[in-house]
Structures are given as C-alpha cells and as structure tokens.
Amino acid sequence: MQVMPINYYIFLSVALFTIGIVGVLTRRNAIIIFMCIELMLNAVNVLLVAFSKMHHLNAFAADQLTTVGTEAQLFVFFIMVVAAAEVTVGLAIIVMLYRNIHSVDINFLNRLKH
Amino acid sequence: MNSILVSVLWGILLMYAGFLTKNKRSISVLAVVGAVAVLSANALEYMGLSFFDIDTKGMLFYNPYSYIFLVVIHASLLLYFLLSGTEVEETAATPSDHYALIFFVASGISIIAGFKSLLMLFLGIEIISIPLYVLAGSDKSNLKSNEAALKYFLMGAFSTGLMLMGIAFLYGDSGTFYLEGINMGATEMSPLKAIGGVLILASMAFKVSAAPFHFWTPDVYDGSPTVFTSFMATIVKSAAFFAFIKLFEGAFGKIQGQWQVLLAVITALTLIVGNITAVFQQSVKRMLSYSSIAQAGFMVMGIFAMNLMAKQGLVLYFAAYSVASIAIFAVLAKLKDHSVDAFNGFAKAHPLVAAVVLICLLSLAGVPLTAGFFAKYYMLVAVLKNGTMYWLPVLAIVCAAVSVYYYFRVIQAMYFKETEAGSVAEIQFSSSFKVIMVVCALLIIGLGIHPDWLMDLL
Amino acid sequence: MNKFVFLIPLLPLLGFLINGLGRNYLGKSLVSIIGSGVLLASFALSVAAFNWVNAPGFKPEVIFYFDFIHTGGLRIPISFLIDQLSVLFLLIITGVGSLIHIYSAAYMHEEAAPHFARYFAYLNLFVFSMLLLVMGANFVVMFVGWEGVGLCSYLLIGYWFGNNEYNKAAKKAFVMNRIGDLGFLLAIFWMIGQFGSISYMEVFAKAPTASVAVITGITMLLFVGAMGKSAQIPLYTWLPDAMAGPTPVSALIHAATMVTAGIYMIARSNVLYTLAPASQDLVAIIGSATALFAATIALKQNDIKKVLAYSTVSQLGLMFLALGVGAYTSGVFHVMTHAFFKALLFLGAGSVIHAMHHEQDILKMGGLKSKLPITHLTFLIGCLAIVGIPPFAGFFSKDEILIAALQKNPVYYVLAVATSLMTTFYMFRLYFLTFGGNFRGTDHQWSHLHESPFAMTFPLIALAVLSVVGGWIGIPTLFMEDAHRLSNFLQPVIAPPSEVHHLEHSVEWMLLGAVLTLVLVAILLAARRYGKNFKVENTETGLSKLLANKWYVDELYDAIVVRPLDALGAFLGRVIDNRVVDGVVNGVGKAVQFGGRQLRLLQSGQVGSYVLLMVASLIAFLILQLFWKP
Amino acid sequence: MPLSEILFWFLTALALFSALMVVFSDNPIHSVLWLIMVFFAISGHYILMNAQFLAIVNLIVYAGAIMVLFLFVIMLMNMNTDAEPQKSQWMRIAAAVSGGALLLILVAALKDNAGAVSRTSGEGSIGLIRNLGKVLFTDYVLPFEISSVLFLSAMVGAVVLGKREKNSKPVNH
Amino acid sequence: MYAAFDNFPALLIWLPLVGALLSFFMRSETAAKNVAVLFSLLALGVVGSSLLYVDSKYQALNQVSYVWLPGLESSFAFILDGLTRTLCLLTAVSFPLIFLFIPVGKYKQPHVFYGLMMLTQCGLMGVFMATDALVFYLFWELALIPVYFLSSIWGGEKRIRATFKFFIYTFVGSLFMLIGIIYIYLKTSGSFNLINFYNAALTHQEEGWLFALFFLAFAIKMPLFPFHTWQPDAYEQSPTPVTMVLSGIMVKMGLFGLMRWLIAMLPHGAKAHQTMVVVLAVIGMIYASLIAMRQDNIKRLIAYSSIAHIGLMALGIFTFQQVAVTGVVIQMFTHGVNVVALWMVADLIERQTGTLSMSALGGIAKKAPNLAIFMLVFAFANIALPLTNAFVGEFMIFSGVYAMSPWWAAAAGISIILSAVYTLNMVKNVFYGEAAAAVQGFMDIRPLQSFVFVVLTVLIFFVGVYPGPFLSMIAETVSLIVNKLTGI
C-alpha cells in the first residue's frame, strides 16, 4: 500500500458532496432530490472514514494497539442508521403526497409562500 | 438521563395506549401525566436522585444549566399539552401515535440538553427532526400540510447533510467528536476547522430558523396543523437554540472572536428579515411564523455574545417565548380563520382569554413587566457586554420597535375593533383552558417582575 | 405711614374681589358704592402718603413685603417704593380714578347687575395693577403691574364681548402691548445680567459703572416696552381701536393713566436715560414723530372718541419728546395736566354719547351746547386746556415741553409747534361740530337730549377745575422765579439737567406770543370751517382720504405682518408639519411596509430557490470566514 | 503506479462519474441504478482504507435496502418514464455556478492542507468488524440504544403517514 | 420588592397600584370612581405630608431602597427630593381633580377606565421617584401602556392610528434609552443606582452618543420639535381625561428625564449638544406657536401650544443655569395645572356642544359666564401673565436663557407674543361674540366642576404670587444637578 494524501479523499468527498448539492438544486423530482441528499451523506461517510484512517495511522505510529479512529467509523455506521430511518419517513411523506396530488414534482409545492 | 428514559418509555406507553383505548380524552390525560412524569423525573435528577447510573463515556453530561433548561422545556410541554390537548385530539387521527412522537422528540431534547459529543448531537437532532417531519404532515388530507412536510423533510435532510459534512471536517481537524477535544488546539483556526465550523453553523442556523437559512420556517409553520406548529415553533426551537449555544460554547468557545462576524451577520439578517416580513402578513399564523424568526434573531444575539449573561438570558428567553407563543397558538388553533380580522372584537367576547393573549403579545413585543422584556434585556446586556459591534443592539431595538407594529395589530383587533358577524363569540373556551391561560399569564408577569426566580437557579 | 402703604393698592384689589365674586348677589348701588368707595379710600391714603412725602426730611423709602423669586443668585422682592414720583402718580391715579368711578356709576347704569359689577371689578383691578406699576420698588413689580393693566385694558375694551369687533380690538391691544412687553422683559434680564438686581436703587446706583452701549441697549429695550404701552409709533394702532370700551374706561385707562405708564417708566429710569444719549434721541424722535403723525390723523376723524384717541397718542408723543430732550419733569408735568383735561374731554364725550344714545359720529351732532350746558362748558375748558391757552393747565406743561425741545434741537420745536397747531385745529373742529352749529341728527334724538345726571357732571366739573388750576403748580420761571413747585418736589427723584443754558427771557416771550397767535388763528379757522355754516361733504379726496383712512397703517400692518404670519402658520401646519415632519415619520413606516412586501418575495415557495439561497449564503459565509481578513 | 493507487483513481473516477449520472439521468430508475454504482465505488474505497465492515454495511444497507426501497417507490408511482419537467434554465445555471463556486472555495481553502497524509493505508485493523463491534457495544452502547428510539419514531411516523384514514380522500384546497 | 409602608415613596407606589387593582374589580361605576378618588386623595395626602418632612433628618421617610434583582444589581430605589416632590405633587393633585371632573356614564366599562388611570398614576410616580435606572425604565413603560389602552379604547374616531403612532414613537425612543442605560450600567461599578450612574467612567465621546440615545427618548416624550408629530393627533383623539394626563403630567417625564437622567448624568454630552437642543427648542417654540395660530380645533390648538411651552422648558434646562432650571421645575408644575385646566374647559365644551371646532362655536360667555371667567383665568395663565403661576417659571427660564444668550432669549421671546395671539384668539372665537347655534343650550358649570376649577385657580394664583416655598423646596435638588455642569 502506498502513500495517499488525505487531500485526495477530501477532494473526492467534496466533489461528491457538491454533485449532491447540484442535484438537489437542479432536479424537480422529490425522490431524486432525496437521492442526491443520500449522495451527500455518502460523501460525508467517505470523508469520515478517510479521516478515521488518517488519525488512526497517526496514532498507530506511537501505539500499535490504538483504537483511535474507531469512533469515526462508528459515526459512519450511525449515519447509515439515521439515513435508513430518514428514508423510511421521507418516502412515506413522498408517497403520501403522491396519493394526494399524483405527482412528486416539488415545483407544485407552492401553496405556501410569501 | 431520567428524562430521556421517562419520555421514551412514556412514548412507547402512549404508542400502545392507542390499542388499549379509543377514548381520545383519556389519551390526552395520559400525555399530561407523562409530561408531569418527565418534569418530575428531571427535577428529581436535578435534586440528585438519578434513576440509574451508566457510564456514557462522557458523551452526555448534565449540569444545573441543562437541568433548568429541561425544566423550562418540560414545563412548557406540560402547558402545551394542557392547552392544546383537545386540538391534538381533533387534528390527529390517532392521537396516541402523535403523542408518542412528541414524547420521542422530548427524549431527543433531553439528549441534546446534555450532549458532549457531536455524535449525540447528531442523534438528538435527528430524533427531534424525524418525528417533526411526520407531525408537520399529520393532516394528511390537507395539501398544505403535505407540502409543509415534504419541504421540511427535504430541507431538513439537506441541512443534516451540511451538518454531517461539518462534523466530518471537525473530526478531520481534531480527531475527536468530543467538544472539549475540538475546542483544544491552536487558537488560530485551520481551514478544516473553519469549513467545519461554517457548515455546522449553517445547519444549526437552519434548525433555529435563523436567516439566511430560515426559508423553510414560514412555509412549514404555516402549513403544519396549528397545534404542531405551536410545538415546533416553541419547544423544539428552544431546544435547537440550546444545542446551538452548547455546541458553539463547547467547541468554539476559545476562538469566539473568529466567528463572531458570521453570527453578527446572521443576527442582523434574521432580525431584519423576520421583523420586516412579518409586518406585511395578513394571517396571524404566518405572522407568528415570521415573528418566531424575529425572536430567533434576538436569541442568536445571545449566541453571538456567549457570555454568562447570554447563557442565562437564553433560558429566560426560552421560557418567555415558549409560554407566550404556546398560549397564543392555543387560542389561534381554536379559531377557524387565521387572519388578523378574525380577532376583531375578541376582547368583548372573551375578556379573560383576550387579556392573557394581550399579555403574551406584550411579552413577545418585549414590553416591560413581562418576561419578554427581561429576555430581550439580557440579550442586549450580553451583546453590549461583549464590547464589540454596538450597531447590533441598536439594530435589534429598531427591529423590536418594528415588531410592536405587527403584534399590536392583533391587540388592536382584539380590543379596539368590533366584530362583524359574531364569529369570535361562537368559540367556546373551557374553564380549565382559561385557568391554564391565566397560569401562563401569571408566569409571564411573574418572570417579568422578578426574573431572578428563574435566573437564581442557573 | 409706611405701615399702611400696602392698603393703597390692596383696597382696589379687595373691591375687585368683592364685586367680582359677588356680582350675582350685589345690587348695582352697592356695587358702585364698594367700587368707588375703595378708590376714594385709596385716594385718601394717597393724600396721606403725599403729606408724608412732602414733609421735610423725607427720604424715599422702600417697603419690603416678601420675596417673590429668590433662588440661585436671583432675588426679586415684592416691595414698594414711596417717593415723590410715585406719590404724584398715586394722586393722579386714585384721584382721577375716583372721579371716573363715580362717573361710571351713572354712565353704566343701563347694564344688567352682574355686568355692572363685572365692570366695576375690572375697573378696580385696573387701579390695583396701575398702583402696583407705579409703587413697585423694582422693575419686576413694575412689570407685574404693567402686564396687569394690559390685562384690564383687554378686559375692558372687550367689555361688551358680544361684539366681535370689540373683541378684536381688545386682542389687538393686548398683543401689541405684549410686543412691547417683550422688550421690557429683555431689558429686565439684561439688567439682571448686568447689575445682578432689578431694584431701582441698586440699578441706578450701579448704572454709571456700565458701559454706554449696555445702558443704551437697556434703555432702548425699555423704550420698546413704553412704545407698546404708551402707543407710540410703530405700536400705536391699538389705542384708537381701544375706544371700543366704555367711555369712562377710555378716560381712565386710555387717556389718563395706563398709557402714561411708559412715561412713568422712562421718568423713573431717568438716571439710565441720561447716561444714554442715543436712547434719548430715539425717544425724542419717536415721540415727536408720533405726535405729529397722530395729529394729522386726528384731523379727519369723525368719531368723537377716535379724535380724542389720536389726540391722546399725539399728546403722549409730546410727553416722550419731553423725556427725550431730558425734560423729565416736564414730561411728568404734562402727564398730570393731560390726565386732567383728557379725562375731562373723554368724560365730556361720554356725556355726549350718553345723551345721544350711543351715537359717536360727530357729523351727526351739532348744536348741543343748549341742551348740555354743563357738558359744553367743561368740554370747552378741556379744549382750551389741551390747546394751551393760558392760564389753563395745558399751557404750562406744553410750553415747558416746547422750550425744552427748542433748547435741544429746533427741529423738535418746529414739529412740536406743528403738532400743537393741528391739535388746536382738530380739537376745535371737534368742539364746533359737536356743540356749535345746527343739530344734524334725528328728531327723535333731539327730543331726548338731556343733560347728564349729577354723578356724571360732578366729575366733569371737578376735572374742569383741575384743568384750569392744575397747571399752576408748574408756573415757569418766566413768570415767577422759583415758582415751579413740581420741579422742586420731584428734584430728589429727577435731577435737573446738569448743563442748563436758559434761553433769554425775551426770546421766550416772543416765541410764546407767536405760538399763541398761531393757536388763536387755528381756532378761528376751525370755527369758520366747522361753525354755523358746516355742511357734511361726502367725498374725500387725496390727502384728506389718506388721513381719514389713518394713512392706511392698519392695512399696511395687516399686509406685512398679520397676513404673512397667518399664511406662514397655515403653511407650517398643513405642509411642513403634515407632509414633511410627519411625512418623514410615516415614511419610515411606509418604508418598513414596502420592505416587507419586497422581502417576502424571497419566500417564493420553491424548495429549489430556498436551497439555492441557502447554498449561496453558505458560499458567502465560507468566503467571509476563510478569505476575508479585516 | 501501484495497484492501490490505480484502484483509488479508478474508484474515484467511477464514483464521480456515477454521481454525475445520478444527477443528470432523465429517467429516475437510471438515477437509482447509478447511485447504486456510486455506493459500490465508495465501498471500494472503504476496502482500500481497510474499513471492511463499513464497506459491507454500505452495500447491504444502502445499495441493498435503501435503494431497493427507492426503486420500489419509484415503480409504485410508475415513474419510469422520463416525464419529469426540467427546471428553468437560469436555475440550472445558478445551480452549476454555485456548485462550482462551492467546490472551488473548498478546494482553494484546503489545497495547502498539509495536515496529515495517509502514509500507508493498509495498517491498523479498526475497520474490522470485531474491533468495531467491541467498541460499539461497550463505549457506544448508549448511542446505539438511543438510535433505537430513532427507529421507533421513524417507524411510528411511517405508520402514521402511511395508514389510510377512513373516509379520507384527497382534497384540493 | 417587599416594600414596607413606613415611608412615603413606597406608599406613593402602592396606593395607586392597590387603587388600580381594586378599581378593576369594582362592579358599579360609582364604586370604581370612588375607589379611584379615594386612593388618589390618599396619595395626595402622602405627598402633602411629605412636604412637611423635607428635612434631611427625615431621610428614612423620603428615601427607600429594596433589593429587587440582586443578579442584576438592581433595586427598587426611590427618593422624594425637591424635584420629585414637585412632580409627585402635580400628579397627586391632578388625578383626583380629573376623576372628580369625569361625568358619570361617560365611559363604558368604567372600572377598567379608572383602573387603568390609577395604573398610569402608579407608573408616573415610579418614573419620578426612581433612583434606579432599570426601575426608572420599567415605570417609564408602565406609564405608557395603560395610557395606550385608555386612548385606544375610549378615544375618538381615528384613535387607533393616532395612539398607535404615539405608542410606537415613544416605545422606539425608550428602547434607545434602554441601550444607553445598559451601556452605562456596564461602565459602572456594577449597579443601576443613580449615584453610580453619575459616577460612571465614561469618555467624552461615549457621553456624546449616549446623550443622543437618552435624548431621543426624552425628546419624543416631551415632545420636542421635530419629534412632536404624534402629539397633536394623540391629544385630539384621546379621551379628554387621558389627554389631561398625557399633556399635564406625562410630557413632564421627558423634561424630568432630561434633568435627572441626562444632563446631570452626561454633563459633557449635554454641553456638547447644547447648541443643537437650544436650536431645536427655539425653532419648536416659534414653529408650534405659528401653527397653533391657525388651528381651528381647540384640542389641537392646546396641543401645539403645549409643544411651544415644552420647547421653552427644554430650552431652560439646556441653559444649565440654576435660575432657569429651577424655573423649569416650577414651570413643569404650573404647565401641568394650566393645561389640565384648559383641557377641562375644552371637555366641558365638547360635552355640551359635541364639537371643538372654533368656527362652530362662539358666545359661550353669554350662556355660561362662570365658565368664561375660569377660562379667562386659565387662558391668561397659559399666556403667563404676571401673578399667575406660569409667569414665575417663564420669567426664571427667560432670565437664564438671556444669561446664556440674549439673542436666543429674544428669538424665544417671540413665542411669548404668539402665545397671546392664539390663546386670545381661542377665547375670542369660543367665548365671545354672539352665541353660535351649537351653544344655544349651553349650561353653566355645576358645583362640583366649580370646585375643581376653584382648586386649580387657587393653585394658579398661589404659585403665581408666592412661589417662595416651591422655589426653596426645589433649589437644593436643582443645584445638585446644575453643579454637575459647572466647571466643565
């Protein structure tokens, strides 16, 4: 295994994150927007794991048995948990809306404004 | 810890209560009992009686400040249940489920009252947010409610993404999720920490509906069933603020000067947007939504200053703001029409309730001898004490003056205008409702005359 | 004696209170007895005071009562000063006042009881204020009386308040007086600043220490006050209008006493004026100009009281001329004689008006001497006195003024003589039109003409006697060495001019003769023109129209002061206050509302734009945090 | 270039490309599939970083469960046609500009971040399920329990929203 | 907080407050009115007795301080000194008279009306006596709120807009003051006490802008040109008893504030802004007088006249001369008495004729001679004729102004002339002339009203003739204030 600057991971993550944001901005389909948000969460996950590794390795040099970095990977785990819960509720909302207006186009959501 | 446990258990209990009884009233009573239970559980822990003792690995830690905050929250919750119980029953198909969700939210609030780790913050905020998405959309056949739910959900999820990214950067910088760990280190912010800070700031601003991340607020508050708007705009918002200040004090307290400009900008924008836009509103409900933004502007000032004065004052602000808003929303929920004109002649038809609403509005406007005055007062002192950016309090009071304009429109409608068709007279207020309203008024006036009753506890 | 001095003003005040409060309960005769009685008592006390003052070894005495204002280095006591000058005025005021009160009892008898009482109350209040004015030992007490008489003048001019013209006249009088009062007030403040005191004694004692400029300023401001009260140019227009009041009021206030307050003030402050030649010149110029100006107007007036009013203005001008040329005693002397004959003339006019059932137009009179013998005779004496035929009172006082004017500047003399001649002409025009020739009124009036009751004729007679003998206390050295008893009497208060260069007696005799001749010519002219053969001419042209319309001064004031101020008030109220000042306030409110309307557009309802705005803000925040270094 | 580096670049390219395709696919189903592709790529990265547990969980939870749920919903709504109307032109431009700006700023801010470099990404074994599990059930038992509340509330919420009310029909108002 | 009743200031706070609460719970109008009159008379009695205990050995009676918020270092601290005694006397005298003057059955919900009035009285007393900045601020607002409701509920047609403008305007001002208070508080050794505020360590520059904050609040309250535009509308639209309170007493809050809380506290700031205030005051005096000349509505006329008078008082304060400031204190009292009297007359006219437009009125003197006589007294007191109360104050003020600058005195003096013009205009148009159609059935005043007027008249002449006791009472306090400014 070779040297891999943390910046690469950061840039990758930021790029994914940005793509997610652009997706949220450009799409009108609520489900796709939601998927883009999931993409953003995954970008975070990548970054967390990368940082976890980085910190672990920094500590590893001093102490072979270190558990530094575990917390970030567990954080990723919790993010996934939460994402799953969010998806449950989110899709329920989308389905509910679809039942009422037969569309998931967010541009139709403009009864509430000003 | 007690309150987390009790509220979760009570949530589960209510969840099952729906199977046991179809009597909505008894479910409400159960919820009220639950609120009392949570309140007393928290109070017991404050007095030193903890139901259980586990090692949280320092992820949760409660100090008196947290406990008093929770007391305020739980007391508000109790008032909320007492005043709005009937509305919950009417709005919700299955009130037991809704009450359960509210109790889950309460447990989330208890978590973020004591978080020391970003993980707990994240979990707490999610436990609060997810039931709220549901509550916002709980009037399922109402398209406005649907719309509110979806908007809230999409934007909430988006802001969660921002927060997580921020957390990731902070972790990358410091290698830990503990607040103390983040706060340690250089006094000069590294880019990682700066980016993390900004991202997490944005997401917290979103949660407390501070401009320019407030856009969801008016739509969601307006669209949600009034009874849940009340809950969201008061108790939940207070909790979000508590998390906000706890996070920024814990994680960035040492480098306060380096992010204060951002908060000043946020404060100014929030004050201006909230107040100026509220002036235009014709619907009281939507006006209150904007007013909640405006009030958030004042609370952000506390975070901007972040000294002892600010921390104490914020809790007072929560109490003042929550009690007043809950009472007004409770009345609003009983009115079919939410326009300002719907309040015409209200004072003549219901003098007592009108008087309480009057006191609440005065408190929101920050008129002395109400709790709202001292709340705002503490914020101003905190900012002035901070010693920089004197334009901020000046802007704040100008905005407070503007706020008088829209709050007093309701007062004018209630007291100085005649009703057209006797629509307000048809509304019935039960005597228990009136009693609770009077309690609200007394709380507001009591805290307005002698805020030390609360402040001494902090 | 000094223990009872306070009673002199207090008695009229008491009369005011009794009559005022009891006006609904007291009968008319009781009211008149109280009203006149208090004044007679005051008069008696004044005589006693005079005796006290006149006694050898008397020193002017300040009688202190209490501190009116005493704080922070400013001390204003309520105290009275009894000296020769004030006692002289006391006598004039209470004496003439008593006569006029008695006269009024009959003259006003037609009034309903409450109004009758109100009238006497006002009159008593006036006397009280006037006494305060002359008895005060400092400028503030004088000012208190000064404004008090203004108030009473206002109340009495507007006594018949049902008539709006009268009310306007009353208001005009008060406002014009106020303009003068402001000058007086400023002078008082200046004196406080300069001398730290407003008491006569201290101010006069310290006066030589102040610079001439300061004294000039103070005296000029004082003179502004005098201009208002004594109806001098440019503040004279109220006095003719003031004739709206009952005639006895005109006699007392607007002829004998109040209007001479300005002369009293300057005579009282003669120490200051002597130190300020520029002010003296101003006084003399204004005085002589007013004298001449008012006389020209009087030439063409047809209202019996208006003629007398302008004559009063003119005579006051002469008095100021006297003061201005340094002949303070002469001024005071003329005040005294003028009080006698002008009161007499007014009361005579009142008698005529009474007889004519409130007809005041002399063009509708004529030939009254047969029906009103006493009035006629006394009126004639008054006319002779005012034009200065020896040995009537006016002769001595006026002659003194003329001589003093000549000594100062021949121009003043010429002006004064011209005034005298015009006075002669219009007074005899008045006399002939009223009493001479044929009656020009209705038959009904003629048949009801009758002499006035004794209560009215008695004061006429008394004043006529005074108009004859009143001047003898001031017989000039020309006739008798050291006969000027008034001058001697007043010497402690008014020091005679230091550098006196007397005219040759022969020159004096010559001038005297010339003036007398001219006066007689004027009388003859008037008799020719307005005697038996007089016919009413309806058309007035040229100069005479100008004079009949009083040089259009009222209209001028209206155009340059009243109306612009009114317009300015309206403009400020409607435009500046409503639109500009309030407009700014409302504008702020409107701006907030406008801002609200615009800002809410951000709230488009679109999730996409919300998120976009959030992201944009986030970018801005990142830039601010990462790259912005203050 | 060592294998791991080649793999890194390959996975990165795959992830980014797939992510872009998620955003730009017209057909929602394609988006879902591309998103699954992203997850695979990311899982690959996890493995490269020796975080095998997360790599597996990512595939099982995300690609396996969540995405299937998405797919299910999309199909339920019969949305396989690319019927979605496009957002207005300026909105897309604004999105692109702001996305680009955000990326630019973050990259600009972090380009000098010498902070730490992952020297060899194979060392350490915290990513193994044994280690993670141990920590999770000892130190992290509290958040773990708390997340159960989260699930509970999500469940209740889904039930509340999903349950059809009696006599309720969509109302347009 | 737990104020005992063995001292005057506490009694003056409690009595009106208790009266207010009792009034609220009265059912019948007479009961409510009686309670209000009784408690306001009690308050008057307290103020009256305090006049007998002015000596410094009775300090315990006249000064009180109860710890209120130890956390904020604020306490309920009140004092009765020369200045406040005068103003409390004005308050205590005015309220019973106003109550007595209100006819039965005029206002619906009378118990609320009287309760709010008493609450206002409580607020006013608190404002005048407070020696703690926070307490001062609280009472400042407490006095405002009930008045807002009184005006808005019982006022005229355009009441909502007019009173709301008034409320917002004053509220904005007071908020600025709040900022100032907090700022100074932070610069003190940690207390809201007046003495500490006087001793706060402030630079000249700080004093300069703090001055602006406080001044704004006070200038709006007074109101000083150009912050006055709320006032004519508010006076016109408020029910007359409230207008009396507003113009007779409440505007004195601003002047009082200038003295106690501004010039003595920020002497350097005051010196720096002296010219500005003087200019505003003089402009305002002439400006308001000119506008008053052209008003047709009696209430508006009195309102503008009030602005002119207030301008003079502000001018007097900013001469920083002992004489003038003493004069202002006297004038505050007398202006209160006079303007209340004028409003009462106006109210009587409005009650009987239903109009206050001068063009519709005239000849009232014929129908109601007694009223006319009282009106004359009040009018001439308004003009500041010597021997009426206003002369004393005006004389002293002008004397101070003159000492400061003769030119300003002369300019301000123009308003003396104009005041005669508009006041006499009103007297002429309303009372004199032939009786207009509107006044045909006009009744003269009744005994109770006469009694009220007699009391006012006695006050007018007593102060006008023998102001000595007042002056000596005020002198010490004023010299304390003025001494802060000398030597700067």
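For reference, chains read A, B, C, D and E in written order, and residue numbers begin at 1 within each chain.
To be clear about the criterion, contacts are C-beta pairs under 8 Å (C-beta built on N, C-alpha and C of every residue); 3 or more make two chains touch, one makes a residue touch a chain.
The model shown is predicted, which means the values in this text are computed figures rather than measured ones.
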Given chain A and chain C, the chains that contact each of them: B, D
Between C-D and B-E, the pair with more C-beta contacts: B-E
So which chain is farthest from chain D, going by the mean of the CA atoms in each chain? C
Between chain D and chain E, what is the separation of their C-alpha centroids in Å? 70
Between chain A and chain E, what distance separates the C-alpha centroids? Give it in angstrom. 66
Distance-wise, how many Å sit between the C-alpha centres of chain B and chain C, to the nearest whole number? 77
Distance between chain centroids, defined by C-alpha means - chain B, chain D (Å): 31
Which chain C residues sit where two or more other chains touch them? 600, 603, 605, 607-608, 611-612, 615, 618, 622, 626
Among the residues of chain E, which are close enough to touch at least two other chains? none
Check each residue of chain D and list the ones that touch at least two other chains. 87, 91, 94-95, 98-99, 102, 106, 109-110, 113, 115, 140, 143, 147, 150, 153-154, 157-158, 161, 170
Using the touch rule from the top of the page, what pairs of chains touch, sorted by label? A-B, A-C, A-D, B-C, B-D, B-E, C-D, C-E
Quick check on the complex: what are the chain A residues that touch chain D? 1-12, 14-16, 18-23, 25-29, 31-32, 34-36, 38-39, 42, 45-46, 49-50, 52-58, 60, 66-71, 73-74, 76-78, 80-89, 91-96, 98-101, 104-105, 107
So in the complex, the part of chain C that touches chain E is made up of which residues? 66-74, 114, 140, 143-144, 146-148, 151, 154-155, 158, 161-164, 167-168, 170-171, 174-175, 178-179, 181-182, 185-186, 188-190, 192-193, 565-566, 568-570, 572-573, 576-577, 581-582, 584-585
What does chain E use to touch chain B in their complex? 1, 68-72, 137-138, 140-142, 145, 149, 152-153, 159-160, 164, 167-168, 171-172, 175-176, 178-179, 182-183, 185-186
Parts of chain C lying in touch with chain B, wherever the complex brings them together: 589, 592-593, 595-597, 599-600, 602-603, 605, 607, 610-611, 613-614, 617-618, 621-622, 624-626, 628, 630
Would you pull the chain B residues touching chain C in the complex into a rising list? 151, 154-155, 158, 162, 191, 194-195, 197-199, 201-202, 206, 212-213, 215-216, 218-219, 259, 261-262, 265, 272-273, 276-281, 402, 405
